[in-house]
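What follows is a pair of complexes built around chain A, which joins chain B in one and chain C in the other.
Coming up: the complex of A and B.
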């Protein structure tokens, strides 16, 4: 029992990573109905770019901003070059999935080719000495940074989607594109903004997850899959779903790893996904909360 | 899609399934494959050829699931791993007669596919993709971390070879076994295609409501197809284990999953000839150009993007077009 606070803190930290990933999926699904499976790669790009630029001794704030910007721009490029043509052709949804996985693989392995396949350290923005809170309880500044950024991202996104008229047009654009257009919603702008915000959140996550894990071309693999699972667990139609689903998945995984064994913690995501898809496909958060 | 499906159905009803010309072509291909070791004596080329044969078996079985059943499953690498690991572990750790591991490996793949298939096959689109991907991710981590069972990252080495009349089957002999496995897989899939099950699968793919109205139990039909393809995938895993005599978690990594999916798409959905061509192209091409194994999946990724964006019918479609021009008659969508 004495390790419980530590397990919870660590679970919440992993959960924040999944929640951020889920939020980045959510913005795009919410506006376009597309699950962009390459989302994890924008996170990876920001971290790998960051590590490479820091190695070149560029100033930290510049590296932070430039790497996030570059990753976001590449995500928009992928949308323009692959997703849009496929949609314009009216391609089958399965073909769209294949195209997205193609983007994922090409980005992942081209990065490996250019930047190498080794995992390198990405220093976080704060000092690394832990803050001691009790005999067996301590917390790293990076953990607090992860909590703060996740909370800020969630609040900003929630306010944007529910309290601004441009944000409100996102949901209607996905539900009824024609009706949205009649009401004066610029679908092109909504779509661009959704992919840009989704890419931006994923890229920002690179600076949360990178310092905790390491920067390398394969780092987007697990968070990329689990972020979408977290969103299904939470709710596909509410940003609160992304947050709750992510935190819950993280807590369960870390608790399982600590109390049962790390081998089984990997099965948690799959088991929870199956459970929710068949028992509660709408997710934890009731749909009406999504329309606040 | 609709017109092609109509034509396909008409063709299935009209033509005898195995005309003499077709039997001759198949026999010729098999003869060439079986006799290849007489010419190809270099061990490296033989390994490459065997890998391509194994890739073809895998591609055929995944193409059956994706192209015929219409389910974009990303869990087949896990079934390959199950087949391979069951064979390797039983033969190496428990001294089970290697030939006896063949039915066991296939049965294990089928059992896992059945277990996963019941809930997963009810999903479609993005949800099917993420559920099957999550399962492969789990299988991958299991193979890497359950060191006591799977040997961890180093996998299982020193697998005893298959023996025939007391002689160990290695190199060219194991290549022959792979060719026979390929022939068996192709024959089974081709005959299933023309069977009641195959027609039910096709009907369910093209119009679920109409198929259900005609009395087809869709979940059961699709599950049967899924489990059948897992059996063939398990067979490929078994061949892989006993050819290389060593097995590591690479076989069930997500990269392998993506590589297959891309090979199937590059070949063209539902086209067996396209799948075979793409297996050869992507199995041999990157190696011949001096790329590392990791670049194989990158090459496949670039090709699949080109295919989905520019040539949606893949290599199989290309071959059909050329053939149609050659014969001066319209393409039939023949697989």
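Coming up: the complex of A and C.
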């Protein structure tokens, strides 16, 4: 019990990373039906751009904003240069998913070619000295930053979906695209905005995850996979599902590593995924709590 | 008349032959190099490629070998064994008299098998898989720090410094991490060491507090930090320091990767790791300066670049001793290499090959224990 607070803090931190990645998937899936597995790459781009610009001694706030903006813009380019032309040719949704998988490979390896493949340090916005909360409890400033940004992002998205007319058109497009079009919702605009918001969330995550790990062209892979698992566990149709799925997966992974042992921790996410697929394939959060 | 025509013809043939011989001797000696340009092995493969090319360029600038320049044909193996095998065939067909394989061990295995069939001398500066030289190959040579030798060196160090320490091991769960650590654990257990904890990190983890807490509770004398994913293991090093675990940490040769001190920060102070290059040696330091001048900070204290630079020099030395750009003669010359003044190992440890061993690093005396201090690599540990 002595170390329980530390284990919980650790699990919540890991869970926030998964939840943010799950949320970036959710935004695009919900508005367009497309599973964009390249979301991890926008996270990677923000971190790699950030590390490169900091190496060039640019001011930290500028680097933070510019790297997030650049990664988000590239996610929009993927929508403009891949999704839109394919859709104009009448491509099926599976083709769009495969097209985005191609984007993932191109972005990942081009980044490696340009910026190198070594994983480098991305300094976080705060010092690395832990804040001591008790005899056996401490927390890193970066961990508090992760909690704060995750909470702010989920609240902002909820407000956008429920308190703005454009957000409502997102929800309508998710429920019934044809009906939404009849009601005057511009599905092209919704899709563009979904890629922008999804890209922005993933790019923000680059600055949460990068300082806790490293920046490198392959860094998008693990959070990309775990984030998607978290979304399936939570629910594909609700931002709350992304949050619950992410936190649950993170807490479970860390608790299992501490109480059972870490030799099998690699399998935990996949065991949870299989269990949920068999027992509750719709996810923890009921559909009626979804974005609609 | 006929005699005159015959004489003129003979003179013409001789002139043509002399011209051809002149042309041949002025043609460059071709060597091949397979590497991973953009896939998972590329981050170390590119360092090895650049170290190899740096030495060849240096030799060419000094006049080449046997009065000829050396031309390096490079091929991307795409970190795919099947592609690597094809690329070796292509390089052999282009006349390569030696092929440097600086990709992963798995592509190296496929490449070396084809080179063996085609009877082309080949080898690697840093591929560590035991299967590359076991069973013995006639045409393959390397100066890599194999796991078995690294662990022999580690065993010698642990026994000399800590007598019979209780060990904890922390490793990452990448494929490379599991293979490397499994071997190390096995060798250490066979040497009589006892483990009080075995912990593992999922690739891409942001927090390894749980693993560090379990290791702290097990109260080991030494923590072995081993695997293939530097950021994951650097995270452990940070958690170890944060939790105030007193046991010293010893890592595998992954920690020679230049970004480690930056990734782990102050937590890496006092961290020791097994390596094959002692950057405290003046000749190593001189080579390092040359590589940094060419490739910037990524080359600083890079073992992979240094051993590749060294291996290229050894291969060219063998070509010189062979006296001809002939594959069989070069192979024989490589095999006859004795006490080559190499950059690998502790000071004074030369590299030798023999008819039965093509592993240039084959005893624990060649193993170096390096130290991190003050946020940077700080020479080696005496033991």
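By definition in this document, the second predicted complex is superposed on the first by the 278 of 292 C-alpha atoms of A that agree within 3 Å, B and C clash if a C-alpha of one lies under 4 Å from a C-alpha of the other, contacts with A are read in each partner's own complex, and residues count from 1 in each chain.
Rule of thumb we're sticking to: a residue touches a chain if its C-beta (ideal position, glycine included) is under 8 Å from a C-beta of that chain, and two chains touch if they have at least 3 such contacts.
The structure displayed is predicted, hence computed values, not measured ones.
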Q) Do chain B and chain C fit side by side on chain A after the overlay, or clash? A) clash
Q: Examine A:106 and indicate which partner it touches, taking first as chain B and second as chain C; both and neither are also allowed.
A: first
(Q) Looking at A:117, would you say it contacts chain B, chain C, both, or neither? Reply first, second, both or neither. (A) both
Q.
Per the contact definition in the header, classify A:170: touching chain B only (first), chain C only (second), both, or neither.
A. neither
Q: For A:195, select first, second, both or neither according to whether it touches chain B, chain C, the two together, or no partner.
A: neither
Q. Touching A:91, do we find chain B (first), chain C (second), both, or neither?
A. first
Q: Considering only the touch criterion stated at the top, classify A:222 as touching first (chain B), second (chain C), both, or neither.
A: both
Q) Is A:262 touching the first partner chain B, the second partner chain C, both, or neither of them? A) both
Q. Looking at the overlay, does A:209 come into contact with chain B only (first), chain C only (second), both, or neither?
A. second
**Q.** Listed stretches 22-30, 112-120, 256-264 or 364-372 of chain C, narrowed to the one that overlaps chain B
**A.** 112-120
**Q.** On chain A, positions contacted by chain B and by chain C
**A.** 109, 112-113, 117, 221-222, 226, 262-263, 266
Q) Tell me, which parts of chain A touch chain C in their complex? A) 3, 6-7, 9-10, 13-14, 17, 109, 112-113, 116-121, 128, 130, 138, 209, 212-214, 216, 218-219, 221-223, 226, 253-255, 257-258, 261-263, 265-266
Q. Inside the complex, what are the residues of chain B that reach chain A?
A. 66, 70, 72, 119-120, 122-127, 129-131, 133-135, 137-138, 141-142, 145-146, 254-255, 258, 261-262, 265, 294-295, 297-298, 300-302, 304-305, 308-309, 312
Q.
Show me the residue ranges of chain A that touch chain B in the complex, using the header's touch definition.
A. 35, 37, 82, 85-86, 91, 93-95, 97-99, 101-106, 109-110, 112-113, 117, 221-222, 225-226, 228-229, 232, 262-263, 266-267, 269-270, 273-274, 277-278
Q. In the complex formed with chain A, which residues of chain C make contact?
A. 37-40, 42-43, 46, 173, 198-207, 209-211, 213-214, 230-232, 234-235, 238, 242, 257-259, 262-263, 265, 298
